[in-house]
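Across the two complexes that follow, chain A remains constant while its partner is chain B and subsequently chain C.
This part shows the complex of A and B:
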């Protein structure tokens, strides 16, 4: 028992050390004179990571695949935009983003969580499209022509960068905690078998609503952080179907149901996406679609699964050569 | 609103319902036999539209004939997709997320192949009948709607005949009702699934060709119609052929008559809201209201 707990402790320490190193590297990177373009790309990647980690809590850990996260991203973006225009401190505005998205998650979750699996997924497409149409026609948000944020003072890219870094660190900590906690176990139980989960005392609806709320809050904040940076948002962008698709593809490609997967997915998507769009306009999703097909057919754990296989392969070779040299 | 307006709206709703039924039937039949929610339906609708466009522009083939010609081509394409991709995911009695995401990935691929070949600008098919209309007293009907409505309904009638009277159709209906009993009765499930997937995709391609004569399209074409197809098959109780026809009628009526109470900008939201309402409130579809236990196949 004791051996197991120290082993667990060592395992945790390795992981904490790994994440800490990543955080420090990303934290001091801007001081080494990286180009403003790279800062911008990293900022984009970090915002996507917040949303990707959030989606994974609902889609990966709890198994409720949603095509509707653009709703939270967009509501968060608009809430922050209006808050900042109303003279609020950005952090207060981001809090409102989270609260608005959380509120929306309850209104969306209560009816749609009566549905299972693919039916839930389809219902979320309907919800997000309906919200997009309404936002396109709503007059006080500027309708289809979008909404502009007027923030006074100089534009400071590093402030945006560190805001995104801070929130994505919070998101990863929440995700890691959920993966270790009893709450996370109950979510996994819901994913594997709702009836069995209910039999052992988990309330599936409550568990789903809670994790939906948490994921929506984080996604709303991501939308808010993006909106403040972009200074201009419009319904076809933040509420667009492609936003939902991006938020769904990142964690699945990285590895759904893991802590590291969504972060890897977000980094890859954030950094590669722009280059792909610049090189092949309109064509970039071909690669992601093909990747999604390959992942569904061969490796449900995505990139983390491939990395795990690679590690197993290297370890086998290493062990073989070790025994060979001993023999 | 006077009586003539009402009849006008009613006629256009009925004509729309015919197209909607033809559009969603491919999805219904695939769902019924394989329990796969075919998100790639949108991609095949789009490809069907471009197929008819290319035939029309290059070979000067009438779009109606083109739509009919789309069926065999898309049937083979569907069988190929089943053979290469779909049969590799585990068979299940319930629709699975794996199959949903697989078809979604395929949709992304098809859509972007569309962008690669045809670019992102809107295209449309113009024929001599596109802008003409028929007058029956006070009622005005666009000719092209009627001309598209006829093959749509004929194809549905043909499918219904096949499902009722042929060995293939009886096998399909058996598999819709109970996959395992069907297997025990000697139905080659794998082969039937492949053929059915082909038929479903064939209908999608042909329906795409018909829709292309009514609306302009881009590689993102199927998106709105995919959601409408969902509404229809959910309203229809997911695996019932006549249910889907009834669902198409309900959606067409609601969409057409909503113009009286809602601003036109909000109109697309109707289908999506109806989808959520139907999923949550009517798990058995329209057919489920009338017959709780009895299944219409």
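This part shows the complex of A and C:
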């Protein structure tokens, strides 16, 4: 028992060291004079990572596949934009983004979590489209003309970059904590079998609502961080169905239900997609689709599944060589 | 299994080739000495793909012609340099459009960025030029909201949309003056719920207010850009019993809305879809249902200028077909304007180019009025021309009178 716990502790330490190293690398990267394009791409990837990690808590860990996260992303974007135009400090504006999205998650979650499986997924599409149409016709948010954030002073890309890095680190910490916590176990129980989870004392509706609220808050903040950078947002963009699909795709590419998967998916989506657009303007969509098919075809557990296989392969070789040297 | 891995490897190889493909970022200093990179961000996929393609063709024709003459003489370097296009397809997506304009400005070492079709995408891109202090010339965004924010690095080759609305009403006014329409007709407006639509409606209402008694607006409602269904709106238009139907729509919406208009059995004395009307796609899709529709556009191939005739011939030689509506010409002019500014300034410094763009007074322009000059906010102020579809696939320029090659016709059915 003690050996198992020591092994677990060592494994956790390795993981903390890994995440810490990644954070430090991303933190010091701009000091090495990386191009402004790479800074921008990394910023985009980090924003997507926040949303991807958030979706994974509901979709990956809890098994509730939502196609409606653009609602939280969009509401967060608009809340931050209006807050900043109203004179709020960006951090205060992002807090409001999170709160607005959290509030929306309750209104959306209460009725939709009564549904299960594909019915829940379809309901989230419906809610998302309804909100997009309302926002398109809401005059005080600019309607279909979009909403512009007044920019004062010089544009500082690094400030945006570190903001996104900070929030994505917070999102990963929350995700890692949930994976290790009792709350995370209850979410996994809901994912596997709601009735069985209820039998062992988990309240499925409460668990789903809580994780939905948490995920919405993070997604709202991601929307706010994006809006401040873009300085112009539009309902067809931030509330668009493609935004919901992007948020859902990232954890699937990286590996749903894991801590690292959504982060890898966010990087892949943020970096690869635009590079494909730039390098192959005529057939980037075809290539992106092909990339997705290859990932899903070869490893449904996403990139983390591939990495797991690779680790297994290396361990086998290491063990073989160790056995050979002992022999 | 082997095939699966082979196809995967092929895809990965292709992706790596893409990442490693030489582009403007690979060695900007070396590139800068031998050519002039110009960013172009336009939609080649998505709902604005067709106009985006026409605009790209206009830009590429202009670049080809300039390069065939040896390029642009840059006084500072004492040599002629060729223009090089750095193209990105924004997929008709605003976030992507802004991101790609930013990419071109921040990393591709371009001297300017062209693009931004349509207003919605142009709005998103327009944030970037002042951030990166790079001239941006929109070839397809015309809403005044883009140009009245005090930005210092933005230019546009399309006149304001409120002028389009104003000219449309003015044209209808001339039909009243010539006895083709009677005074006091009722007008129904269906406006895209964007800045474009707002400007169009304001322009029409302004003219009507200035000339009391000509027309009365009895219906004015907005619709969602890109909506698949306009039947509810068209039912309201029907119930308004107006004589004239004026909508402000983009190409796809024009085709969808007019199909539903015909299906709903609506009839009006005069019909317009703003700046859309003569497009080949619409005429193919709707046939003679598009006859007599009129449009206010930024350029027409029927303009009686020799340079326009030459452009039409050159474009036909370049693409194998005549220009479809106005799209290619405003993009072509953007490149000419940029080239003139670079040559006049004699340097590739972005600030110099921007300053020369502001002072630009390019004669023999394709645009109505034959002068390309940017106003205070960076937008041109060239007049609009009115074209009208005629039976047999013909399109006549019907207004202004001095440029017209055909008469404005009130449809025979409407006169009964």
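Operating definition for what follows: the second predicted complex is superposed on the first by the 304 of 327 C-alpha atoms of A that agree within 3 Å, B and C clash if a C-alpha of one lies under 4 Å from a C-alpha of the other, contacts with A are read in each partner's own complex, and residues count from 1 in each chain.
Simple rule for what comes next: contacts are C-beta pairs under 8 Å (C-beta built on N, C-alpha and C of every residue); 3 or more make two chains touch, one makes a residue touch a chain.
Keep in mind that what you see is a predicted model, and the values were worked out from it rather than measured.
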item: First, second, both or neither for A:123, with chain B first and chain C second; value: first
item: Partner chain(s) touched by A:155 [first = chain B, second = chain C, both, neither]; value: second
item: Partner chain(s) touched by A:297 [first = chain B, second = chain C, both, neither]; value: both
item: Chain B versus chain C as contact partner of A:237, first or second or both or neither; value: second
item: Partner chain in contact with A:87 - chain B first, chain C second, else both or neither; value: neither
item: Touching partner for A:137 - first (chain B), second (chain C), both, neither; value: both
item: Touching partner for A:33 - first (chain B), second (chain C), both, neither; value: neither
item: Partner chain(s) touched by A:145 [first = chain B, second = chain C, both, neither]; value: second
item: Partner chain in contact with A:274 - chain B first, chain C second, else both or neither; value: second
item: Common interface residues of chain A - those touching chain B in one complex and chain C in the other; value: 133, 136-137, 282, 284-285, 290-291, 297
item: Contacting residues of chain C [partner chain A, same complex]; value: 4, 7-8, 11, 14-15, 17-19, 21, 23, 25, 44-45, 87-89, 91, 93-96, 98-100, 102-103, 106-107, 120, 123-124, 126-127, 131, 143, 145, 149, 192-195, 198, 224-226
item: Contacting residues of chain A [partner chain C, same complex]; value: 35-37, 40, 44, 133, 136-137, 143-146, 148, 151, 155, 230-232, 234, 236-238, 242, 272, 274-282, 284-285, 287, 290-291, 294, 297-298
item: Residue ranges of chain B in contact with chain A within the complex; value: 37, 85, 88-89, 94-102, 104-109, 111-113, 115-116, 119-120, 219, 223, 227, 230-231, 234, 263, 265-266, 268-269, 271-273, 275-276, 279-280
item: Contact set on chain A toward chain B in their complex; value: 63, 65, 111-112, 114-119, 121-123, 125-127, 129-130, 133-134, 136-137, 241, 245, 252, 282-286, 288-293, 296-297, 300
